[in-house]
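What follows is a group of structures, each given as structure tokens.
Heads up, the next two complexes both have subunit A, just with different partners, subunit B and then subunit C.
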Partner chain A sequence: MVKPKIICVTGGKGGTGKTVVAVNLATMFKNKGFKVLLIDGDVENPNTYLLLNGKLKNKTEVLYFLPKILEDKCNKCGLCAENCATHALLHIKDSIPIPISTVCSGCKLCYKICPTNAIEADLKVIGWIYTSSAFNIDLFLGELKPSEARSAVIVKTLMKKLEEVIKIDQNKYDVVILDTAPGAHCDVEELISQADLIIPVTEPTRFGKLDLLRIIELINLLKREYKVIVNRSSLLGYKDKFLLELEEKGIEILGDIPLDEDIVSSYCQGIPLMEISRNSDKNGAGYKSFNEIFENLLKWGEFLK
Partner chain B sequence: MIKIAIPTYGNGGLNEVINRRFGRCDTFTFVTIENNQISEVKSIENHARGESGGVGIQATQIVGNNSANEVIVDFLGPNAANSLQALNIKIYHAPIGELTVKELIDLRLNEKLQLMTSANVGAHQGMGQGMGRGRGRGLRR
Partner chain C sequence: MNRKKIAVISGKGGVGKTSLVASLASIAHKDPFNKIIVLDCDVDAPNLALILPPKTKENIVSYDTFTTKKATFLEEKCTNCKQCYDEHFCEFGALDWDEENNIPILDYLACEGCGACKVLCPEDAFEINPVKSGEIIAYEADVGFPLIYGKTKLGSTTSGLLVSEVKEHATGLKEFNDANLILIDGPPGIGCPVIATVSGSDYIIAITEPTPSGLHDLKRAIEMVNQFNIPFGIVINKADLKSASQKELNSYIKKSSYEVLGRINFDLSIPKAMSYAEPVVDFAPESESSRSIKEIYKKLYLILSLKN
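Up next, the complex of A and B:
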């Protein structure tokens, strides 16, 4: 089975332009006739559809384990409560434990260790997944229910959906772009671990550098290939110094994107800068830099239609 | 017979003042009332107080395991409130002031305490020793 090429846009720091890069990469592949899927894996703040002026459809619940105590089978031993890491089972001696659903992390330990099999797997909603489509780009998007902790489960559900789609039609997509949350948490790790190339997006500030080095540490742990994009590269004139610093550390650069008002206006319009139907300034600094990044990406690997 | 649990400092007891942080108190002082008279006083250490999370539930477990049917508390988080309610333990709110267990029991017996039905602080408000809102008030004054 031929897998589509998977590119993961990430970056450690928040607000560096991950989503803008992801949306425009998807647009450029689409412009060249590739079948593109964009997956928004920033499940705590899913907003990629806004940059594509899309509407969310096909809302599906993501369910996760919650213990249900079978009172006729429970011998009231309290082993489940004793071993629950989040203390989500309230046990008073000689009585049946009471699950406190808001604290349960869904680890299933209680379910597995109960000596009388008195715990049944019940389910609670921890989030949702949606699909959308705009400018001939398909979109999968995940949303974590506020106050729930298991963002990686939502992300895994999105990737499983991709797997199912490919199983039915292996030619459905040529390229899949993953857009991650900021940070180096397990939901980001899940997406990085499944990609052929990782593109961390950073900015030439001390914050940008620190968070970039942290995400690179994660990428190296997962033994993945990466190339960095420096966004807002003309910011305060630090570009050359910043690029040099990255070079000295042996960090490969895919390209840089200078500050450009046309990028900002495309962001506000909800139409990607690189979308053909948008009347973008083809001589603009942003437009040129995205084209250059795309050319470098095509040099990196072979993309099949 | 009613058995009242009150979060306290140090070794607890009738003359100790209430600790306003339910899940993170040092001890629970259990006072048994029979015929409107104190018949027994007992202190139990709160072994859960140093843990990072879930202390409200564990503290409730201590209260429940010692068969209290009422508590007198001040700041109560959502997990503790839900857990106490799941056990049908009555929750009374302690008024402002440095009140001892004895004084609080007298207020309870004279029906001067208000019943609480839900949490009055957010999760993790009892953590740390800072003097922010709802924190420093838990310290001994």
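Up next, the complex of A and C:
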């Protein structure tokens, strides 16, 4: 393998089981001897480490541009405020402009065009990146600072970190699994666009279906390959009808996971269901379905080992 | 006018925001003192319309929004000076150089429309234009109150601005002046679209479930809400779940003395109601969960003194 295969677990709707799937796929790859990296790209609410009983370590700050006005240099011309697309600089005639940090996009235009060089590129912390490992799975995790808005910057920082690691050692990882936020916004888009295989996780409800169709539209827009996992497939006996509906739309299924108490308890324990050291019921519905999904995934991604 | 805006958020997705909003809307609407408007600000995955369909197709108002701006390159003006690339005009990685044709290339998705390239180019070879970012859909729901929601155009990087647009549409409705309650279904997370949802709200309902992720994300959502100084109350869904997090959640609430609006135990009538696309309080009014939601409404009513 020249470079690691990147699998992105996403889903559109929140709470469909993205993180449970991502963590258990990582565990199954590890069980088979693959070197696995899990990247938690749900930076608004990163939860992978909770499901792995992991500790967040090696905290580094993600810094972002913020204009700082040097009052002694400013001639109060207002050119910066005039050209600021997000109105992040408030300028009242004949006074020094005031930066409004929450709406600043970080384009640095003010800093570049100030005729008297009165704007300095200051930095603010908008979040953090952590690296750690649990159950022999390496983990990169991003966290947005609450009340900050630019989550996509944290996601990009995570992916840059991956690039750096691969540059140093091409064989560091065989498989990288990305866990995304719900929704179909820029953070999700960034991760989908960087992956080889996309796995949207859905549930057999009307909400699940509607949001699945939207995330598939995004995946198609980004020209990626995908196969769907239907979680909680036994909910209300709606499974067959749901699978049929997806099939009619030409949507390929990687597998389905029925409701299973053991999945819920593994989730609350913080030990993946598929972790060898956990005493999971090997005949349980969840356990069997995860094994089946993994077999299908190995074939689909042509993973050799 | 004593008009209250209440937004429902959660941090973690899939914990019951939309189900709760649909039920609270139904209860509030049946109270003759109330005139309500309901908004779905989860513009990435708007689902509330499934439970609250329009009364007639004819009363649907929908229009495109242009909250996104993107740069366009004007080749005829370019003198191939390469300054834009060499001097790093774009901070978003949307401006690359096409060596073969000796001109810049723009990455449409990465472009944030900030206008730096336009302002900085000495030859005015870039333009900034608004592009379609999504849709606003508004109608009178079959149950009899206005519903407004937004839907992003995929790949338009605009969720937050579209949320503001949904809220603005509501203020322009003729029903707005008489409305005493604006109920907002928020997106998951705590980022840009959630901040846009909660800003200007009078009260926040933070719904969660007693799992490690539910609690973790609730804390982050509350941290964000506190930065904006908006009063809030907590609803615990699936409150009887067997989970080690029960203890931690309870001690968190006890220590913080945050308001708990109510607890909803797991009850199959909720997923069933969803599969019939009905608010649970209408589908199974006598179920345990419906009774819990009615209690939540009563408490909300007192806290916000909805009646003048």
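In this text, the second predicted complex is superposed on the first by the 289 of 305 C-alpha atoms of A that agree within 3 Å, B and C clash if a C-alpha of one lies under 4 Å from a C-alpha of the other, contacts with A are read in each partner's own complex, and residues count from 1 in each chain.
The criterion applied here is as follows: a residue touches a chain if its C-beta (ideal position, glycine included) is under 8 Å from a C-beta of that chain, and two chains touch if they have at least 3 such contacts.
A quick note: this is a predicted structure, and the numbers were derived from the prediction, not measured.
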item: A:98 touches, of subunit B and subunit C: first, second, both or neither?; value: first
item: Touched partner set for A:211, first subunit B, second subunit C, both or neither; value: second
item: Touched partner set for A:86, first subunit B, second subunit C, both or neither; value: both
item: Dominant toucher of subunit A (residue count), subunit B or subunit C; value: C
item: Contacts of A:299 with subunit B and subunit C, given as first, second, both or neither; value: neither
item: Subunit B and subunit C contact sites that coincide on subunit A, given as residue numbers; value: 86
item: Sites on subunit A touched by subunit C in the complex; value: 12-16, 19, 43-45, 47, 50-51, 65, 83, 85-86, 105-109, 112-113, 144, 146-152, 181-187, 189, 193, 205-207, 210-211, 214, 217-218, 221-222, 235-236, 238, 264-265, 267-270
item: Subunit A residues within the subunit B interface of the complex; value: 81, 86-88, 90-93, 98, 100, 102-103
item: Footprint of subunit A on subunit C - complex, ascending; value: 10-15, 18, 42, 44-45, 47, 50, 69, 89, 91-92, 109, 112-116, 119-120, 128, 152, 154-155, 157, 159-160, 187-195, 211-213, 216-217, 220-221, 223-224, 227-228, 241-245, 271-272, 274-275, 277
item: Touch list for subunit B against partner subunit A, complex; value: 48, 51, 53-55, 57-58, 60-61, 64-65, 78-79, 82-83, 86-87
